[in-house]
Every structure is written in structure tokens, then in C-alpha cells.
Amino acid sequence: MWFQIRARLAYAFAERCETLLLLEAARSPDQAVHSDRLTISPEVEMSHLDDSVSGERRIVFSAHGRVDITYDAQVEVMPRDAGLKGVATAPIPDLPADALRFLRASRYCPSDRFERFVHREFGSLEGGDKVAAILDWIASHMDYTPGVSDAATTALDTFVDRAGVCRDFTHLLITLCRAADIPARAVSAYAWKLKPPDLHAVAEVYLGGRWRLVDPTGLAPIDGLIRVATGLDAADIAFMTIFGQAELISQTFAIRTIRAPKGGSLTTGSHGARDIGA
Amino acid sequence: MWFQIRARLAYAFAERCETLLLLEAARSPDQAVHSDRLTISPEVEMSHLDDSVSGERRIVFSAHGRVDITYDAQVEVMPRDAGLKGVATAPIPDLPADALRFLRASRYCPSDRFERFVHREFGSLEGGDKVAAILDWIASHMDYTPGVSDAATTALDTFVDRAGVCRDFTHLLITLCRAADIPARAVSAYAWKLKPPDLHAVAEVYLGGRWRLVDPTGLAPIDGLIRVATGLDAADIAFMTIFGQAELISQTFAIRTIRAPKGGSLTTGSHGARDIGA
Amino acid sequence: MWFQIRARLAYAFAERCETLLLLEAARSPDQAVHSDRLTISPEVEMSHLDDSVSGERRIVFSAHGRVDITYDAQVEVMPRDAGLKGVATAPIPDLPADALRFLRASRYCPSDRFERFVHREFGSLEGGDKVAAILDWIASHMDYTPGVSDAATTALDTFVDRAGVCRDFTHLLITLCRAADIPARAVSAYAWKLKPPDLHAVAEVYLGGRWRLVDPTGLAPIDGLIRVATGLDAADIAFMTIFGQAELISQTFAIRTIRAPKGGSLTTGSHGARDIGA
Amino acid sequence: MWFQIRARLAYAFAERCETLLLLEAARSPDQAVHSDRLTISPEVEMSHLDDSVSGERRIVFSAHGRVDITYDAQVEVMPRDAGLKGVATAPIPDLPADALRFLRASRYCPSDRFERFVHREFGSLEGGDKVAAILDWIASHMDYTPGVSDAATTALDTFVDRAGVCRDFTHLLITLCRAADIPARAVSAYAWKLKPPDLHAVAEVYLGGRWRLVDPTGLAPIDGLIRVATGLDAADIAFMTIFGQAELISQTFAIRTIRAPKGGSLTTGSHGARDIGA
């Protein structure tokens, strides 16, 4: 499927400071960015800190006063298999080297605290069946409720509070998977059909030889996720990190499907794509 | 300087399980491993998960019952500049891409909680002077006391408890540096002159265009640290991660200086090296 | 000094539920309530749960919809000695039986975590000098900043965050005193000269044979505190506990000095008192 | 039933310090202490800090070096009704004034964090049925496992860890009851049939117009509990609080049933009681 992404952000910087922006669609293997354009106004010097392995695109800029950021992109997302049932756990020695770190506890995912819980609740299951059971457990034990959590909320807090938003659901899923020795990581993504449209936090688990996207909130279809960043948890995938003080003025996102251009493909680019609507 | 490392570990595995071992000297640019040998008895199949970027060497093996692990190595450590005073902070846009993640909070280093403290206490200083002041603060406000902390202790706990061991001191230093927007990471290292000899946890900060080792406990000379692993915090650099149950039987380490062989260098290897003593 | 207290509260109760109100000036030995009047509109049945020992006056009522609460009182506060320097610690065996529980950790005052800190920082001092040094430490290490803390914030959080409001300063003082084996408790009080006028949280420490009020924020004079409730920490002295859901509509307080009526005294009452102004 | 209690404690005090001992059977309405004797050797001066309301008996003594404490008592426990099913919740206005504080969060029982959990899991139940359901939930979700918890462990930790000992089970039950607006408190008691014999931590809930003992571990019969202390949580009922450093040398307890003396009753005392065996 092809998607048109549109992001409009405005911030007021109280003083000149560096800002790290992680807002652009990743050039990752599971999607093709056919065209995109990031603008910052007033114009600033942007340093690019792209990651050639993950395809993530970070920029750093320095600004003061009001700053308007726009991002527009046309991205093709490859079909994804969202099925989990029956998928085998990857044995530890078969994990790719870079998956190992996603077995470990992180700032918001203290998986070391949940080993007994996971063993008691899901100990009889393996692989994809275990992840599916964890997703069911979250769906039946958690309320999706804004206002309960904040930037310091960990998966342990969420497990106790029994409520949170996409970020919290994602942290809880990641934590329980890691506690069960299944590599799990956080992904920020533009999410089609999410209401209101927003950057969404979802998880990715390593099963059956590859990473698989899962949405513990169930709010967005897997095939409509356009990946921006991938990391240990929310600390890694924040779309904006301000090394100083700034205030949000406004922020809007829109994600719509578009018709693929005739002959549109990974190799031809997509300059002729027209909007069709969500 | 040249060092001879000797490690002898014995564990009893209650059941067959996978174990990740991160015990070998890293093939990193700041040291040369002239010869080394890892043995596991009884013999097991070892899967190697080496990291070509960091030079870290991980193995995974599966074992049951008593397991004896031995490691012997001869490593040459390049001279290091341990000075911090006057060294400049690296601007965010000048950071290497892989240094960015060491600005973020991690499992044991919740640096997001310490921004006000760091600003109040060290806000007037910059770069190496700031790190030096943080080291002084730790030295004068913390007791090196075993038994206060455990595997779940975070830098926040240590900040309150005012005591801990090398791991805790390292987490606290890393946390305060990151809160001051200075990249900081954890390093496990064989430490010459540490009493008793042990794998030591120290920190590394990014200043003046490169990573610099610092020991917040002050217990080991910087030039006598032989790097094993580098990571976000203790969650990343554990020398043994057991995916099951095992009991420690015994564990001894020895690190001694040795005379460099005639013509000994990075290019010739070191098979003729003889022990000289610590 | 004589004070005129005026409180006006309005709440909207989403459903009928019980509410515990702890808003009236206490009939405690250090102050005389010459006249006062609590009204709830629309009229409700009030159950009185007064505490004859502390002089605290709690009422329970059940309400639904909008509720307006008014409280007016004329209270004479006895002169207090706010000096701490040189005052002796009370030996444990000399403590009144009911002071013992104020040596223990409570919900927001985990004093068991601060023994080493208190010993390191204030170990050479005793009694009132120690409390004075703790007050100085708080004044020089904390920012009075609304918005940093919330209802779940403990003294441990505040110690790390280095900022908070009166409740947080009070919890921190209580925690450090208990960690030093000095009984300390929380007091809610109408506070003269506080800006804006409000119910204030302060602490009380047991030294030299009696309880002594202290204000770790330094925002209100000790002689202008009209006591409402006394307890382990904020969990005990909340002026309103709603066993259900309600929303604050508005809340205003005014505390002014008034001239004592001719012949006004503890025994004559004060029905003729006239307002003079703050 | 009549019980013979025997406690033998030995401690080594590194330096002279005050110690608070809360080891004697309470003279509470639900039991009669027919005879008892506390000895401390070498002889020390004991200050008694008995609580006339609760019947608790605290002593304070100062000691140095090795101290042997013995306690022997004959106590008659009145029959108790352990049934919970169908027992009504006490409305807030009908609570005795001193029950209110057992609705609030305390050091080890952060009940404010569990309101949503309790509402989701047990919201459809009332009174004794709700407490019974909470007990069932604890029994089916927790392991009784020494070594998981320590002196700093809260009910929140235990809820996550899914394991603990009697103190932890008691904290969790109290926390969940308070979150459901049911007063709950902690009780230390000599426990008949507990293996090994020990001071046991149990809970007491206020339902149907009175306090009712419950043992969330199910390890000891309710009729065989001899009450020592009652409080908010473990912070209140510790049998020994040392204001300094001491080391445990040994500690043994024995609790046996004995035959009531002929004519034995609350008024005659029990000096002729003979041991019959457990």
C-alpha cells in the first residue's frame, strides 16, 4: 500500500538550543520512501545523523524563537504477515547479534522484574503463541486511558496502574516478551486509521527468524504502519529531543492511502503520485 | 603496557540452558589481544556472536551440570590520556551517530530524573571540568560499601543510599553525565591493581572528540584496564547471562603486567611472552 | 494573635458518594477556636468523627451534584517559640507513647532509605541544631517550584528532583528527621501571609520535651499557622477525601489578623470579635 | 484455647544503643494473658511504653554486648469467627474514628496505586465477599517463597514479583483492601501450627462492625493467633527496633496448646497451667 504522510509542527524555543528530530520515514527494508521533504522555517542548518543500518534519519538543528516544521512523504509499505500463532521462538544462538540487546531490560522496560509473572502466566506456551497470549492478557487487563501516565511512567507502573496509552501498552508488551526471553523493541510509526492521526508507538518481536510488528493497543492495522524509528523503548524513539526548553504550539498529522503511480515501484520513484484519500 | 589475564570460573547448571558469555578481552582499537584462549569443560559447542564494530566477543553455549570456564590472555593496552580538565564538550551535531544513544536514560541510569540536580550543582562548568566535578562529588558523597546494593539497584537508588560498589558508582557517574548532555557508557574491564582482582565496572565519557575511560571508584589505574564489553549500563555488559538456573561454585581472576616480547608489537603477535609478575 | 479564617469551596460530584472533610481549625492546646461555622449547601447530613485527643474535627457527608462548602472561624493562636538552636533531642525512653509512631517510615516519608545520608551530612549535630541544619540543607538544595510533583510524589522523589511545593518540602524534612531518630509529623494549617492564601503543609518535630512547628519552605510565619490536622504525612491530613469522583469548581481561602475582643480570652469566647484586616 | 508461648532471642550490640521491644502478648479484648514473664540478661532498666487503648506492651532498654531475651506466657484466645462470605462493608460514617487511618496508604501499602486494579478485578463484589475474592486472588497468583523480598519490599513490589513471605502477603492484602475502601491493618502474632514456629504477620479487616483477623498465607489457623502488635504495616509492628547496630545470634519460638486450668478463666489467672503439647 502507498501512503501520503503530512506532519505540521510548531514550537517556541525560549533560548537557542540544539534539537534532535527523528520524524522522517525510515529507509528500512520493509518500506520504500518514494519521495519526501522536510522543511524547517525559519531556515536552519541541519546536520544529518542517518543510520545506515536501520535506515533511520535523524537531523540536528539549532533554533531560537518560533520554529515551524513540515514533513511530507509518499511511502510504499510492503505487505506484512501479522500472524503469530504457531510461529517458533528463535533459539538464542540463532539470533542476529543485534537482536541480543533487545532481550535486556531498558529504562522503561524493566523486564528483569517480570520473570516470575511471565513464567506463571505464560510458561506453558512458546514463540508466537506466547506473544499472542501476552497480547490477549494486555487487552483484557488494561484500559486505554490518556492522563494516567506521563514521561516517567515505566512498564512496571503501567502493570500496576492497569491503564495507559500506546507508549505504555508498547512498553508493557516489550517488557513481558523480554522477560520470556523473546527479543522485543519499540517502533515509532505513522499510523493509518489511528484516530486522531498521530505518531504511534508499537512493538516488534523477533520470532521465526525475523522481526514482526505488533500493536498491543489494537488501534491501527499493521499494514498501515510507516516506520520512523526503532529502539529499546520510548527513550530511543522520541521524535523530538530538545537540549533546552521549548513549548509546543501546535502539532497535526495526517496519513492517507494513495494510489500507486502507474509503473510505480521501488526502482522508479513516485513523483507522479496523486492523492486519493484515506 | 602488557598484561597477562587469568580467569577461572565454575558454575553448576541445574538444568540444560543457554548461557551468553562476555568474558574475552575485546579486539578494540585501544588494546591489542596478542594471544588468548577460552576453554569450557566439559567441551560444549560454542556459537560466536562477535561484534565487528566494538570488537566485543560473545559466545553462547548450552550446558548442564558442573561447567569449568578458563580464560587466559596476553593483552597490550595502548597509553591513555586520563586528564579531564579543560577538555571541551562535543557539540551534539559533532557526535558520532552511535554516541547519541549514550545520551539517553537506560535501565540503571535514569538520567531524565537528574537534570535539575546536575544543573544546580554543576551548571556553571563545561566539558571535562564538569565531569571532573561530578567525579569529585561522587568521591565525597558516596561510600564504597559492598552489601548495600543488589542486581536491581539503579543510580537513583545509589544517589539516595549514598553507598555501593563499582557498578553503582559507574551507574551514578553515567547518569549524571547524561543528565548534563555528555554521552556516557559502561565498560567492563579486567583491572590491574584492583584488590581483590576482579572484573571491574568503569565508565567512558565522550569529550573532546573521543571516548575517555574514567573510574569513579578511583580503585584502578586507567592504564591498567583491559576492556571486555561496552554498553548502556550493567544490563549490557554482564559477563554471564544464564537463560535458566545456575549456581556459582567459584570464581577467581588474576591480572598481572608482563614484559613485552622483543619486537613485540601489534603486528607481530606475542606467542613468546613470558610472565613477569604484577 | 487572633485570626479570621474564610474558606469557600465548590465541587461537582459526578455520582453520590461519601466525602471526608478535614477543614475545621483543630481544638488543640496551642490554639483556641473562639467561634466557627461550617456550612454545606445544599444541606446534607454530617456525621462528626472528631478526635478528642488531637482536637481534630472530621465530618463525613454524602452528596451528589454541585456542593458549596463554606468555613469561617475566629481563632486565637498561642505564642510559639520557633527557636531550634541548642534544643536537646528527647531520649527514646522519654518520648510520649504517641510520638513513637512518628519515628517510623510512612507512605510519603520512606525515612528508612535515608539513614546513611543523614549520618553523613548531619551526624555530628544533635537535637535542634540538627533540625536547623536539615532546614538549611533543604533551603539551599531545593527549588520551590509548582508542577514538578503530584499526588504520588514521595520524599525520595523530591530528594532526587530537587524541587517541589510545601507538601514536598514537608515530606522531605519529616523523612530526614525520622532518619535521624527525631520524631516528625505533618500538619495542615491555615497560613497567615502565605501568598496566595491557602491551606499550607508544614512539619512538627519533637524536641526538648514538646512538639515544635517548623516551615521548611520558610513562606509563612510560625505564629500565623492555624492548625487543622496532624498526621504521618499528606495521606493523613488531606482536607478532603472523596470515596468516588468529584471535580473542583473553585477554592479560595483568606486568613487575616483581627483585634482580640476586649476581655477576649480562652475562657470568655469571642462572639464580639470584629474584622480588622490583614 | 489456651497457649504456652516461649521465645528465646540473643543479639550482639556493637555499641550501646536504645532498643524498642514489642514482643509481649497484647492485653487486647480478644485474648487474656493469664501469666507472662519477660527477662533481659544481663539485667537492664526497662522503660514501659504500654498503649492502654490497644493493649500493646512496648519496652525500651539500652544495652551493649550480648543480650539474651526470654519471653514466656500463657494466653487464652477467645473463639473467633473467621467467616467472610456475606459480611457487609461498614459505611464510612459508621466507622470508628480510629479505623479511618487504616483506609490510607502507608509505607509498605501504597493503596492509592491500586484503585483501578481493585475496581477492575473485584468491583462487582462487596464486603466480606470482596475480601474473600482478594484472598483467593492472592492464593492463586503468589508464591510463598523466602528470599525474594527484603526489608524495603512494598506491596507494589510484591504485586510485580509475584512472590514473598507472610509480611509481603499481608502487605498485599492490606493494600488491596484499602484500595477498595475497606479498612485493613497489620498484626504480628505468635502463630500456633506455623512451621517453623515464628512470629507471624497477618492482616485484620474491618467488616460488619468489627475487626476480623485473616491470614493471606493460609499457613496458620485464625484461632491459634496470639496478638502482639497492630499497626499500619510492618513499619509499626516490628518486634525489635534497634536505634544503632546489633547482630542476631539466635532466635527460637515455640507455641503450644495447653489445657486450661480447672476453673481457668479470665478472672482467675493461670498459674497452675501445665504444658500438654502442640
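By letter and in written order, the chains are A, B, C and D; residue numbering begins at 1 in each of them.
Keep in mind that, in the parts below, a residue touches a chain if its C-beta (ideal position, glycine included) is under 8 Å from a C-beta of that chain, and two chains touch if they have at least 3 such contacts.
From a predicted model like this one, the values you see are computed outputs, not experimental measurements.
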(request) Tell me which chains count as touching both chain A and chain B. (result) none
(message) More than half overlap in residue numbers between the two sides of the chain B-chain C interface, or less? Answer same or different.
(response) same
(message) Using mean CA coordinates as chain centres, what's the gap between chain A and chain C in Å?
(response) 46
(message) How many angstrom lie between the centres of chain C and chain D, each centre taken as the mean Cα position?
(response) 31
(request) Spell out, as numbers or ranges, the residues of chain C touching 2 or more other chains. (result) 113
(message) Testing understanding: with touching defined as stated, what is the shape of the graph linking the protein chains, line, ring, star, complete or other?
(response) ring
(message) Under the definition above, what is the set of chain C residues touching chain D in their complex?
(response) 18, 20, 47, 49-51, 58, 60, 62, 91-93, 95, 97, 100-101, 104-107, 109-110, 112-113, 151-152, 181, 231-232, 235-236, 243
(message) Under the stated contact criterion, what part of chain B meets chain C in this complex?
(response) 113-114, 116-117, 120, 141, 143, 156, 159-163
